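Read through the structures below before going on.
Next come two complexes built around chain A: one with chain B, the other with chain C.
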Partner chain A sequence: MQAKRVVFPHRLLPALLVAPQLAVTAVFFLWPAAEALWQSTLREDAFGLKSTFVGLANFRDLFADPDYLVVIGTTLVFSFAVAGLSLALGLAAAALADRARKGALLYQTLFVWPYAVAPAVAGVIFLYLFEPSLGPLARAVGPAWNHKLIGWQALSMVVMAASWKQVAYDFLFFLAALQSIPRSLMEAAEIDAAGPFRRFFTVSLPLIAPTGFFLLVVNLIYAFFETFGVIHATTLGGPGLSTTTMVFRVFRDGFIDQRLGASAAESVVLLLVVAALTVVQFRFVERKVHY
Partner chain B sequence: MAGVTLRGVKKRYPGGFEAIKGIDLDVPDGDLCVFVGPSGCGKSTLLRIVAGLETASEGTVAIGGRDVGALGPAERDVAMVFQNYALYPHMSVFDNMAYGLRNRGAARPEIEARVAEAAAMLDLSALLARKPRELSGGQRQRVAMGRAIVRKPALFLFDEPLSNLDAKLRARMRVEIRALQRRLGTTAIHVTHDQLEAMTMADTLVVLNAGRVEQVGKPADVYARPANRFVAGFLGSPEMNFLDGEAGPDGRIDFGALGSLSAGAGARAPVSRKVVAGIRPENLAPAEGDGPDRLSLTVDFVEELGAARLVYASREGRRVVVHTAAHGGWAPGAPLALTAAAGDVRLFDPQGGAALG
Partner chain C sequence: MPPRANLRAIALHAALILGAAALAVPIWLAFVAATRASADFVAGDVGWLPGPHGFANFWTVLAAGDSADGLPPAWPMLLTTLVVALLIALGKIAVSLPAAFAVTYFRFPFRSLAFWTIFLTLMLPVEVRIVPTFQVVADLGLLNSWAGLSLPLIASATATFLFRQTFMSVPDELTEAARIDAAGPLRFFFDVLLPLSRTNVAALFVILFIYGWNQYLWPLMVTTEPRFYTIVVGIQRLALAADEGTAVWHYVMATAILALVPPVAVVVGMRKLFVRGLVETEK
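After this line comes the complex of A and B, so read on.
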């Protein structure tokens, strides 16, 4: 694909054209970000009447808090589990859809549907499915299932609920990538005596690896930042800290415990994480060819 | 080593379109057989049926006397070179060539020896570590050939492997593929829509049109004695001249205002009948003296080819092309009298185009 270069006669027009986007970015991103940055250096007194400048003290406290370190660990486990699960299921479904001859369109359409379900709704569905001793899936597992008490079970449930939507997203991208592999390449491999599995692992997979990497970053960003709704609708971060991710903790500190300085410091940490992931992604996008 | 036998092969695509309409063909062992025909005539489809990438709707395919109808591409012991080469972009040249051997469980030393041998044959030894994107078009083409020969298959299938190369390189690879195939003695089917490539490479030429075989034979025979007007027109460049005329009992063809030519014994008919006479441009020559076998025309223009030239002449809207090595006063507008030997005038049925006599 070749980008078309448009030349504008005046300087003003292009500036005007990008102005709305810049305004939106400024109002909904730059302003809150600056606000958070400023807030993270303040501390309020017990009654929330006046705040004092404390420099980096909020950050120091944050990383000295053993709970926060647990939350970071949970976030990493949660995010990589969500990314891994969505990638694996999305890829498996795409590989099957790519091979399907009859009913391929129906199959593809059905697979995309979950993407239209809001994460919080997916969370509620899973909450119902896993309701101890009542939900169909919980009953299938047996009395050993109680995510209200057992931390790893709660975490597994939110991982599943959060992946639900992302599987559909990954499926679409993987399917498009698989279908863009020239057919003659797969035919050459077939003549070269590679069976379907060998073809998949030695030809298809290396060729769609760039898509996989792109999706890994997108999934991580999603798991880090957009899964608040799922957790809020299901476990509220519990039991204990077992499903409290960094985003959820920003919410709890800020809106429930009213520790605005700490909450702001946590959101600044998240801001840095997303910035880092975005840099990784851009560097990757620039190197288009990976083989 | 193996010959190929096709019996009553038909192919209907799911949409109902019949791409191959019943083909019987024998390719002898060790032969280089070229399928040639216009775009869309079913060459690739037929080749893919032999490869096992496509299944025939009807009929049987045998390779080396073994019916391969139920076998997948891997079990047919064939190697194919695709038009776009279909090299694995993420693998080095070595791995591209070794892939088929590895999948067949060959031992490492054997793989290395075979790849080295094939690479030496194709002048690729210095490029084994490169990725396909680091190669020129011609080098990629060689790697695709290498991937085919390294396996020592019973049958090579080439689907327009030269069509992405420039004219010079194509001419060279034509010769090289021909020589390589002779040296290996492996049966090969080569598909092309380039009639020059077909003529120069083939042991056996198969002219296809609209899913049917029009003619099979040695290139020189097919060229000299085309079975019908389609084959006559398809082979040769510039195309054979076709003139409507009337064949008399004396074997002369009357072209009306253009004049007449004698067409040998084969053309004699008990009663006069309409025919299409075909004369190749190189078989027309300026008429000397004032014999009866002559066409009287006016020169339109001349195309200079260097070693020879094409003279376009016409009369009353009927045009002929002459390919001649002679330099002459071919000024546009000048009168031109042409003649042809009786044996070089081929006659075709105006209906259906079958060769007469």
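After this line comes the complex of A and C, so read on.
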């Protein structure tokens, strides 16, 4: 990380300038993270009176717990479904908007606003739309719809609510990527008599693939962490475990069931997941900078 | 234009408008529900067109609340949400600007350490460290307080990186000129850097305001007193009542509309800044 060539000679002032940022980071990020690491090695007795050091036993129990394996599976299905759905729809809308010569800005507005809707609010709206006895969309599906009892329907409902909002984001980045493709390339393809579909799949798509990969990582991070609101405001992880994601389980174990050791171990697992995703994302950014 | 190309353009715009309409269907149906009466839900004929109770419902939700179903009036919640969103957005900018200035324009001991510490926060979303952060905030006695609501969300590597990038693109000649004129670093910061980064600050503010407005998990945990309820948290408590069979979906949907109109208005009204902010923060 480099600094400016021309810098100011002071030594105390910069320390004062970074102090607020570092203080907040230390108190609300580093301390809790260290606490989570420490707590993941402790176990409380049945009354929560004293805790003993148990080493990695919490982690061993976690991965021996069939429920947790189900939760991991649900999280993966949920995250890839959300990422896949919003990437596909965002790309389709962006490809169309890119070809519209008139009204491009209007379409940008028309597709981008759902980004501003809170995940929890989107969740509550979809909860109404799919309410089995009176929701307009549930009635359109018919009496076969009951997400309160049928797990895969509950999962599809939260996937739809979470993706609906994310389409906007993917649309915006895909559109920017498509618009940065040099016109001359497309014209060359046109002269070679490639039709619009052929042009899209053989010229545009390979060129925007890096954007797609970047969006995949961002979407996965979104689906892993920011969709808590969608799930908490609608299904509360149910029916059964069908919509319990790893973040939701941290919340349930830590706050509702008061299993602090287990919850801390789950936090550490998530920490590793987010660290891995961030590293992947940064390696990608580096590559983007280099060429 | 030859007729075939014309036809193609029409099909293209039709597809786009259809897609945009499909995206808006959930909000339209929520709005329709917000204009209906309780009886419509019991009878099961809400339909796709608005009813005549819109004003009454929004007025009830905003001003009176629905105490029978545990719903406080929405306007104090809207106000709380606005304060929280502003505290988070302005707070993030206020701690990130000087931090970015320090790591860009000075060489001081532990500069790399400071930089990497800030970088680490990228990897710790609040959802991951939620239980221990809650304990820390509880130990500090900050539950049910403005500080407790906003401080843990204020540190942000993204904002610091963005400002650093902006500063790096400011020509060194300006710094040299300032030094020749014997302007100190603070004078330089306020008179040269800040005016130059105005657009970036504004773009970031739009993004952070939406981020703050839409916070859910954290306010849910640190607030138990109704006067600190944000609208996004309040709506969940109401939706639970509706989902358990009380016919209050018209109030729930009216609250949902109230919760989403301000951030959506910000995005639509400041589209250019919003797009810029979103693209810049992800670089």
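Just so it is clear, the second predicted complex is superposed on the first by the 264 of 291 C-alpha atoms of A that agree within 3 Å, B and C clash if a C-alpha of one lies under 4 Å from a C-alpha of the other, contacts with A are read in each partner's own complex, and residues count from 1 in each chain.
The rule we apply is simple: a residue touches a chain if its C-beta (ideal position, glycine included) is under 8 Å from a C-beta of that chain, and two chains touch if they have at least 3 such contacts.
These numbers come from a predicted model, not from an experiment.
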item	value
Chain B versus chain C as contact partner of A:Pro182, first or second or both or neither	first
Greater residue coverage of chain A in the superposed arrangement, chain B or chain C	C
Which of chain B and chain C A:Ala194 touches, first, second, both or neither	first
Chain B versus chain C as contact partner of A:Leu62, first or second or both or neither	neither
Touching partner for A:Val203 - first (chain B), second (chain C), both, neither	first
Touching partner for A:Leu13 - first (chain B), second (chain C), both, neither	second
Interfacial residue positions of chain A with respect to chain C in the complex	1, 3-8, 10-11, 13-15, 17-18, 20-22, 24-33, 35-36, 39, 92-93, 96-97, 99-101, 103, 105, 107-122, 124-129, 131, 133-134, 136-137, 139, 164, 167-169, 172-173, 176, 214, 218, 221, 225-226, 228-229, 232-234, 247, 250-251, 254-255, 260, 263-264, 267, 270-271, 274-275, 278, 285
Residues of chain A defined as touching chain B within the complex	182, 184-185, 187-194, 198, 202-203, 206-207, 289-291
Interfacial residue positions of chain B with respect to chain A in the complex	51, 53, 72-74, 78-80, 82-84, 86, 88-90, 99-100, 103-104, 131, 133, 147, 151
Complex contact set, residues of chain C against chain A	9, 12-13, 15-16, 19-20, 23, 26-27, 29-30, 33, 41, 44, 46-48, 94-96, 98-99, 101-109, 111-112, 114-115, 117-118, 120-125, 127-137, 140, 151-152, 154-155, 160, 167-168, 172, 175-176, 179, 184-186, 188, 210, 213-214, 216-217, 220-221, 232-233, 235-236, 239, 242-243, 249, 252-253, 256, 259-260, 263-264, 266-268, 271, 274-275, 278-279, 282-283
